[in-house]
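As written, the chain order gives the labels A, B, C and D, with residue 1 at the start of each chain.
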Amino acid sequence: MVDVNKLREKAKEVVSRDDVRLLIGYRPGTYGFRARPAFVLGPDEVDELIFTPACVNNLASYITLEEKLPVPRGEEPDLRKVAVMVKGCDSRALVQQMEEKAYDRDRILVLGIPCKGVVDMAKVEARFPNVLERGEIALEGDKFVLSFDGTREEVAREELVADKCLRCRYPTPLVYDELLDEAVERFADDDYSDVSELEKRSAADKWAYWEEKFSRCIRCYSCRNVCPMCYCEDCVLDRLQPQWMRRSVDISENTAYHISRAYHLAGRCIQCGECQRVCPVDIPLMELNRKFYKDVEELYDYEPGTSVENPPLLSTFKVDDREDFIL
Amino acid sequence: MKNPYIPYEVKILDTWYEAPGDRCIKTFKVTFTDEKVWDTWNHLPGQCAMVGIPGVGESMFCISSSPTEKGYLRFSIMKAGKNTSALHELEAGDTFFVRGPLGNNFPLEEWKGKNVVTIGGGIGQAPLRPVIQWIRDNRADYGELELIYGARTSADHCFKDEFKEIIEEGECECHLSVDVEEEEWPHFVGFVPQLLMEVAPKPDNTIAVTCGPPIMIKFVLQNLEKLGFTPDQVYTTLENRMKCGIGKCGRCNVGHLYVCKDGPVFSYAQLKEIPEAFA
Amino acid sequence: MAENSDFEPNIVAFLCNWCSYAGADLAGTSRIQYPSNVRVIRVMCSGRVNPLFVMNALQQGADGVLISGCHPGDCHYMQGNYYARRRFNLMRNFLEYLGVEPQRVRMSWVSASEGAKWKEVIEEVVNGVKEVGPMDQFKRRQLNW
Amino acid sequence: MAVKKLSKEKVGEALGELSKFRLIAPAKSDEVVVFKQISDPGEAFLDYGNSTVPPKKFAFPQTETLFRFMVGSPELKEKNVEEEGTTVIFGLRPCDARAMSIVDKLFSWDFDDPYYLKRRELTTLVGMACVEPPSVNCFCTSLGGSPFGTEGLDMLLTDMGDYYLVQPLTDKGKKLEETLSAHLEDAPADDEKKAEGMAKESEGKIRRSIDTEGIPEKLPTLWDNELWKRVSAACLGCGICTFLCPTCHCFDIQDEVDEGGEGRRCRMWDSCMFEEYTLHASGHNPRPTRRERTRNRINHKYSYYPSRFEVIACVGCGRCINLCPVNIDILDILDQVVDA
């Protein structure tokens, strides 16, 4: 576990630097076990910063999310660095963004947090409903320790940990300027069993499965907006000329939306799981992304967000790529 | 009551370009395909209508003809997005759809006996045109009419022929400008707010009406204050993205006012209270 | 899906201008008979085919989609078909994962001289789609209202 | 007439009776509770907290055709809402019903919205009192609502253990009670009193609150306050808070044309948190960042709406708090407004 004092000290040092504009980290949420993103502008604001297993957000999204307003005449654009705290999975978003040349490495300052897993807040809230006063979660050994309302509960790690963490290949950030804790050895691997299982079903079964899910979609676009890889300034979904995706919400358009969203992440999704976490109607979006992830690894031996030097998967090719499916 | 979402079909009687370029402005002179609609159609200067083509969309435009011009409506439309591009394809004899009249109007009844000065910029002259036309057609009811109008170049001037006619007839003071120097331009060179200071209309018993790009309106309002106009003597129109036009869909609000329903005509006295009005 | 002998599928084919379109043209001028279920959309290169095109075709009532380009190495733009190949492979696997039968989305290499191959490809595609029946997964359905 | 009860064993029968209407009830889609049209009473899932998506979509559908046309033809075929028939929304929460009565004001303001109002006229709302507040973030009592609130409802059901206490509240509710009469029995005489006590108890269990006094007047004075930048910094600009809000009513209108030129003009939910919401065709956007959009959302609910309709456009259902991906909490924002 990251020592919170060390984290705040480091944060203070970073935001005090002349070449740093902003530090993005975590602070306690407004109720229960929640944590939320913190945007720290000065050294006097670091005291609320935390890192706990409740810090589920992928803060890499915010680097590209900020609106670029025109710089008023006579003023210089603010080119100072953005400092960001990242877990292992989050750091891969930075790698992938830089691989795609979304920004230069010197625009960001990365505080890496080796991570042994965050909680699935839905599981926590199902297990401990009605916790309003601020509670705390810590990982101690292989148990989550939850303290709230004067009580302390221990729960086995597997029961509350987010699914993505059980498959985590990169618990220690792949890119950082400073590591806030000792590196964590890889403790899990991904066998894609969930994807393989679905692959085996019949076409009709698969469609029935997805139809139920897609028909719930309300197209709030939270899965798109939260995604660190969805940073196009002009999204194909919003375009009216030509309008590829209609705004009306029905099974056809919803399916089209989910195909487009997932396909745009083919070879780019870094498995942070944010899309599935934020979905208000529990569409298992990671099962879509993971299909691509699996195929990309199996067919092209490519793993997104692992090396800045790699060319993006779909902007390159090999002459001997597989083509047994071609007539 | 009629379903307010159902538009009327109109037929284009005549159409011509006011200004050239990528963002060209085309005027459409139209009448209802169903003549009976005229019996219930009542609009006043300043009011708007949703103009569109089923299959493309709808957008809000001011009706740029005065109700004193009988038998037709006029719209002057700048090519900007999907809907306006489709409208620009249309020629005389073609049809499109109109839903309205929507919004409020200039309080021309209240202005009776007063002088009126209009200050327009570019396509912003479109909502001012019905005011001018109304006053020209009810000349005895109003005092002096003074027109101030500018655009980037002389080619960008809207309603060129009508301005020419007004100037030739000498029925009212008319001040024109272009932003940048051009050959054989007999009038003012510079921005509209500068021209306004040059002309310096007197505020006594006078109403100032302005419409144009937001940045122009901002400086015109400042300059009118300098000239001694009080906020309740100054009127302008606002625009925002609109969908329903009847105060339901929510997007066109500036502060607590819906531009489509409470506007588009506002007095500066109203807008001064609303910081969002000039966002 | 039940096999339906009366079923005549709609196939949308995106053909590259330089090879496959010419190949289909050759089939025509050589009077080679092939099934008339295909609606051809000419694109400059198979690399131009955005996966959105495929999805949109299926939404708008196509029962199958074919993308056809030059053989590897023959691309008029040097590499377009290589990119298309990668993109298409992922697309095809993904649609299958959602429950869209793999027979519905196909890709082929047909050169300008392969009029006879064009016929074979079309027969293969049409028969494949006939096997799985009409596309009814995410076709746009106008609701009653 | 004695107060009636509906035994839980007979709920199936009663729902069967009601399925001659368009019957909307909470049901499960995987583990998510959604309101949907049900034909089989067994689908109904009444033992729920609250639905993720509010039942507003049955008065104000997410996508709705206004009229149909053939491209190039002058004929426009108006949608006839009447064809949808009589609708019963069964088992909705009092806050969601109250939200509908709030939104009614907007849709009947000045221009009547024929689609919405017709649908409301055809709809009977059967509420399910919250014996337990469904969420830790419920704050309906701060906004004039209550877990047993009746505003907007035609009938209220209260879970008394083995049966539901049935209280018709309007003529529509009484009519529905008659329709159901074969399945109802007399309730114990003191049940209404008992329910009042349960209401008090449930109200006492609501733990979040805000004093709204003065907020509508104060908000416009905080226009340029730095709090807006702070509270919106984490916002992702998604539509969760607005789409899932039972009082949010903003919509977009778009035309859709199919192969062959058959088209429809339809309206669909839109969100003030989306960038394109206010984007002009010229490229100018009067609300260019999440700061302005967040400010507008709060102002619309807590200042603009009450200034026009004398009621705050929020019912305290807590959905926007529960489901915000980044824990933007409307009560936290309002606290900051009060403190500013």
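Quick note on the criterion: a residue touches a chain if its C-beta (ideal position, glycine included) is under 8 Å from a C-beta of that chain, and two chains touch if they have at least 3 such contacts.
Because the structure is a prediction, the values reported are computed rather than measured.
Centrality by Cα centroid goes to chain D.
The interface with the greater count of contacting C-beta pairs, when A-B is set against B-D, is B-D. Separation between the centroids of subunit A and subunit B, computed from CA atoms only, is 49 Å. Per-chain Cα centroids separate subunit B from subunit D by 39 Å.
Separation between the centroids of subunit B and subunit C, computed from CA atoms only, is 52 Å.
Distance between chain centres (mean CA atoms), subunit A to subunit C: 36 Å.
Chain contacts: subunit A has residues 250 touching two or more partner chains. Contact of a single residue of subunit C with at least two other chains is seen at positions 140, 143.
Counting partners per residue, subunit D has 252, 254 as the residues that reach two or more other chains. If each chain is drawn as a node and touching chains are joined, the picture fits none of the line, ring, star or complete shapes.
Listed by label, the pairs of touching chains are A-B, A-C, A-D, B-D, C-D.
The part of subunit D that touches subunit C in the complex is made up of residues 65, 68, 79, 83, 258-259, 262, 264.
Interface residues of subunit C facing subunit A in the complex, by the touch rule stated above, are 1, 51-52, 55-56, 59, 72-73, 79, 82-83, 85-87, 89-101, 106-109, 120-121, 124-125, 132, 137-141, 143.
By the touch rule above, subunit B contacts subunit A in their complex via residues 81-82.
Those residues of subunit D lying in contact with subunit B across their complex are 66-67, 69, 71, 74, 76, 78, 106-107, 109-115, 220, 223-224, 249-255, 257, 261, 263, 265, 267, 270, 272, 277-282, 284, 286-287, 292, 296, 299-300, 303-304, 307-308. In the complex of the two chains, the subunit A residues touching subunit D come out as 29-32, 34-37, 39, 57, 61-62, 65, 67, 69, 129-132, 212-213, 215-216, 218-222, 224-226, 238, 246-250, 274, 277-278, 280-282.
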